[in-house]
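Look for chain A in each of the two complexes below; its partner is chain B in the first and chain C in the second.
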Partner chain A sequence: MRVIIERSNLLKSLNHIHRVVERRNTIPILSNALLTAEGATLEMKATDLDLEMNEATPARVEQAGSTTVPAHLLYDIVRKLPDGAEVMLKVDDGGAAMSVISGRTSFRLQCLPASDFPALSSGSYPHIFRLESTALKGLIDKTQFAISTEETRYYLNGIYFHTHESGGKLKLRAVATDGHRLARAEMDAPAGSEGMAGIIIPRKTVSEMQKLLDDPDIAVTTEVSESKIRFTIGPVILTSKLIDGTFPDYQRVIPANNDKKLILDRQSFASAVDRVSTISSERGRAVKLSIADGQVTLAVNNPDSGSATEEVAADYSSDPIEIGFNAKYLLDVAAQLGGTEARFLLADAGSPTLIQDAADEHTLYVLMPMRV
Partner chain B sequence: MPTTTADSERGFCRDCLTLQKRETGRCYHCGSPRATRHPELFQLHLAHIDCDAFYASVEKRDHPELKDKPLIIGGGKRGVVSTACYIARIRGVRSAMPMFKALEACPDAVVLKPDMEKYVRVGREIRSMMQALTPLVEPISIDEAFLDLSGTERLHGEPPALVLARFALAVEREIGVSVSAGLSYCKFLAKVASDFRKPRGFSVIGEAEAVEFLKDQPVSLIWGVGRVFAATLEQDGIKTIGQIQRMELNDLLRRYSSMGNRLYHLARGVDERTVHPDHAAKNVSAETTFNSDLSTRDQLAPILRALSEKVSARLKKAEIAGRTVVLKLKTRDFKIKTRNRQLAAPTRLADRIFETAMPLLEKELDGTRFRLLGVGVHDLTTPEKADPPDLIDTKATRRAKAEEAIDILREKFGKKAVETGYTFGQSSRFEPQQPSDREDDF
Partner chain C sequence: MSEERLAPQQHDSLEGIAEPSETPELVGHLEAQYMLLAAQKAGRLPHAIVLAGPQGIGKATFAFAFARHLLSGAEPGANFEPVAIDSPIYRQIASGAHPSVLHLTRPANDKTKGFKTVLSVDEIRRIGRFLSFTSGNGSYRVVIIDPADDMRAAAANALLKNLEEPPSRTIFILIAHSPGALLPTIRSRCQVIRLAPLNDKDLAEVLVRAGQWPDDERVSDALLARSEGSARNAIILQQYGGVEIATALDALATGSADIAASQRLAEAVSGRDSAIQLDVFNGRALELLANAAADAAQSGDTNRAKKLSDAWHMARIAITETATYNLDQKQHALTMISRLNTALKPQSGRM
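Here is the complex of A and B:
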């Protein structure tokens, strides 16, 4: 294999690819990226056996061929080459090493045979649909923070995507929860997604998606099978296993009869939560909200350092209530709500609370209160 | 005031606490042979106190008829020796020795099952006596602790050495068990000193003599050098601390990395560790050695359940909770396996400990025969944030409430008042035979 490629093109692809590769691997070839030069492209591929990323980039192929080299190492090398450089990648005749040559710099990297590189078996994808990158990214952004990291409930370690009929229209919904909070966002379901069973996309795949979707207005082709999902985003193809589990019936968690309505200015509420929680060094300290006519008093008490309170004007006319929430969870929700007004629907100090953007019915959050 | 330290006065009698005028021999006042003399005696302030054969001593105190008999504390056919009294030790019985071997060596020994609650109670009494001497008490286990007595001389009106000797006599008189004390200028040598002349020992290692003293000692004396590392060192031809004293720091670092650093400094009697009074428990655990090796889910699940309840009870009693559940197994060929899992929120519920540990155990059930099973909770924290209500697992909240109710019933009517199906009718078999109080002291 011998190929000449612009450093900027190579770096852009490697920037995507190398993130899939885990820093520590017990199987040596999983530390490597597969490089394949053919026609006028260099194709790069990396996998962790659950997630596979594939990206093609234009290159001058002088001799077709393929090999595998350590992905993080190659990325670090290319990153440090000067801007505007051209890079030659050349595999030795024996195939044991690959040279990376640019100007007066040259590296020799040990290779592993391309034939040993594992592939996520392809199979067929019965559901195919196209999504706008901005809309898809919106669903991910709004729900991703609520994904659980708990190993025991592995089926919560991702975002649950499913279609749902609401008001005569088919919606595509994204849901994530860790048992303490739940986030749900929806958009109109794209054509082709009808009849798709619910799928759970793992956290790592979700966060790679989020980074790849930064370019606005690209159509993302999505293909779904029973156990895998494949996204084609421009030159990048991301294939991921789905979490093999049943997402709990989250709908029964969403309170339907909370009758105490509280409307707050989102921004000033978020700032106030942020300010009063300064006093609690420890993560997960509770903010106590004392809600009465027209006003919410936020209070944080830290036995080691002191206490803080702040009053925020609010639209509230039900019976006074005191309720505590994890400060971080409130901030996470406030950050994703958008809009100017946040609407809280409360029942009592021990029951889940519903939070929404007052002007947006498509997104909702449920928070479990904390004992205060 | 005996605070002046003229040369002739650097000694006292540990029985009558009289300062010694003469350089050598028995106490000139009461004639006791337990006169202690040392040139640095009244300058040293770091002490290590260790109770002598603690469990056995407590039992002998409570059963005076056992006073002259060899006594072993430990459990069951397959259990191991927790503690042997000094009479049994003369016959060759050692801690952690399998019980059958101990009984081979000493067939007329009286064997008692450990009564941990009692030992914890007595240990606490002794600890509060220590805390009356100095706030800087760092407990190592139920029956031993480091004390930093620096700066207490004016408070007590006498130097640390005398305070310590007075303390040892007071524990004997008031609690009824004996202690050994080591006095030095650093933790490492204080501990070495207290081990030096047990029981009822009182040894002093001064700064001036440290290097000379350590020179001929085996490397295994160094804190952190266990059997395996000692074997590694021996392969490299290093047997005595003196050999390490002659080596360069770089050489030791290259050979043994971070351990090399420790070897270098401790071998020279340099130990900068200070006494941390708030050295709280790092984990709470319980384990049991079986009478015969076990391998199936049916056999192990009830034991795991019983151990989980035990750990939970201790967490609740101590008002703490933990975020990581650790499963411990020992195979029949003595290989130790530990598996752990982090929880989203800290817990102190038996139910959650069990439900978290059980899948870890199930993964190991491939026919391997185990001789020991243990479960513990690490990553300890305060209980306020433990076991929060969960949006998804609503049954968890109900189970937690059920457990609270069970706890109340048990408190009122005894442990057997309510049991789960796992342990019902077979509980006595699962009483842990070897109580584990290693890093925790609950």
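Here is the complex of A and C:
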């Protein structure tokens, strides 16, 4: 293998794929990235056995071929090369080492054979559909924060993507929950997603997707099979295993008959929650909301250090109610809402509360209250 | 064997000998292969099996051969299809980089640069994470616990959790040198497959393939006779002067007290780098007592059998204590020789 490639192109691709590689690896081949030179591209691939990222970048291929070299090492080398340089990657005849040559700098890296590199992306994908990157990013951003980290309930360690018929239209829905809060976002289902079984996309894949989707307005091709999902985002192909489990029937926890409607200015509410929760240093601190006509009083009480209250104007006309929430969860939701007005639908102090952006019908959040 | 090594080193690796995961062909154990393949053909593959049998007869090699067979998608025939050593499936499984195989052994100990003495509960917990993901290509997921004897109670209970609710298309392979010591709750959830010690022909074949077959016919006969069908035993005997140690111990245990020879033997097994020699010595000592006890019991001399059996227990305790408290190995060896000598002395008269 012998290729010449611009340092900036190489760095951009390596920047993406090297994140997939675990830092501490007992299995040597998994610390490596697979480089394949063919035609006019250099393809780079990295995996942690659950997730695989593949990126092609233009290069001058003088001799086709493939090899694997330590991913983090190659990234660090390329990162430190001067901007605008050209890099030559050359595998020695024996295939035991690869030279990285740029200007007067030259490295020799030990290689492992390309045939040892695990393959994840092969196989057939019965469902194929295309999405705008901003739409997909929207679904992920709005739900990602609610993903559980609890390993015993592994089926909550991801975002549940599925199609759902609502109001005569097929929707593509993303749902995440950790048992205390739930986030649901939806959009019109793209063509090709009909009949797709629900899938759970693991957390690590979700966070890699978030980073890749930062460039706006690219069409993302999504391919789904029973056990895998593959996203093609421009030159990057991300293939991931799915979580092998059944997502719980989340519909049952979304309250339908909450009749006490509270409308708040999102920004001032979020700042108020942030301020009053300062008094309590522990995590999982509760904020008590005393809701009466036209006004919400936020109160936090910490027996060790004192207490705090703040009043926020609100649009409310039902019976007065007192309810407690975890301050961090309120802040997370408020940060996701985006619009100017937040709408709360409450039932009583012990029942889940529905929170929505008053201007966005596609996204909803459910919060379980805390006893205060 | 092969000049290039794929598999990472393990706590029980022998120098220059291929790990089970990188041994491409399985020798012997035809019946067990046939049985599993018949079950697969009938669609009744158990979700968990225990491969039971003495150490060194190819249980782990069997497990990996079975994993390769399952994941290659080959039609079940009469025995596991051997795989080419340049095929991706062989190379990925051997190097531990196959997405559908989880091989759990004693983990590396970062503090001592060696290996931990048990298969820790943290390692077992990796199963939950492994099984929470789909297999990637819809194939089987294979969890190999090598060996299950290395699990303490906490680890065994953690494993039990996974065995109780096995997801579909998953097979647990537990390797057990002494299946009786497994938790009954684990055993009852697995199908126990007993692998017999290798016969002389198979053992010879394994040793030839491993490049461990002695040229001298007398040596090779002695090796087959003393290895008890275990390739590992044979290699240890061969490489670490095991035959000499065992012969010397046999002579000292039954003959008259020869202080110079006892000192020489104790010296040989008690050095800093002679952990394997000491193992051979201890193993042979226990074996002598066990054999003598069995002989006595068979000839109806229960009194003597009881005495020998007690001596066996005492010897075992002494061995464990020497290891646990890091006692002087040479003194341990000398005591052991005299212990054997006393226990094995033919009885002068009936009581």
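To be clear about the criterion, the second predicted complex is superposed on the first by the 371 of 372 C-alpha atoms of A that agree within 3 Å, B and C clash if a C-alpha of one lies under 4 Å from a C-alpha of the other, contacts with A are read in each partner's own complex, and residues count from 1 in each chain.
In this section, contacts are C-beta pairs under 8 Å (C-beta built on N, C-alpha and C of every residue); 3 or more make two chains touch, one makes a residue touch a chain.
What you are looking at is a predicted structure, and each value in this text was computed from that prediction instead of being measured.
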Overlaying the two complexes on chain A, which is it for chain B and chain C: clash or fit? clash
Touching partner for A:Pro202 - first (chain B), second (chain C), both, neither: second
First (chain B), second (chain C), both or neither touched by A:Glu151: both
Who touches more of chain A, chain B or chain C? C
According to the stated criteria, A:Arg371 is in contact with first (chain B), second (chain C), both, or neither; which is it? first
For A:Ser122, using the defined touch cut-off, is the partner it touches chain B, chain C, both, or neither? Pick first, second, both or neither. second
Which holds for A:Asp304: it touches chain B only (first), chain C only (second), both, or neither? neither
Look at A:Pro248 in the shared chain and tell me whether it touches chain B only, chain C only, both, or neither; answer first, second, both or neither. first
If we overlay the two complexes on their shared chain A, which of chain B and chain C does A:Pro28 touch? Say first, second, both or neither. second
When the two structures are overlaid on chain A, which partner does A:Asp178 contact: first (chain B), second (chain C), both, or neither? first
Residues on chain A touched by both chain B and chain C 151-152
Contacts from chain C onto chain A in the complex sit at residues 6, 8, 86, 88, 91-92, 95-99, 108, 125, 128-129, 131-138, 167
Per the contact definition, I'd like the list of chain A residues that touch chain C in the complex. 26-30, 49-50, 113, 115-120, 122-123, 151-152, 154-155, 157, 202, 225-228, 241-245
For the complex, give me every residue of chain A touching chain B. 148-153, 156, 177-182, 248, 250, 253, 284, 350, 352, 366, 368, 370-371
Name, in rising order, each residue of chain B that touches chain A in their complex. 341-345, 355-356, 359, 384-385, 388-393
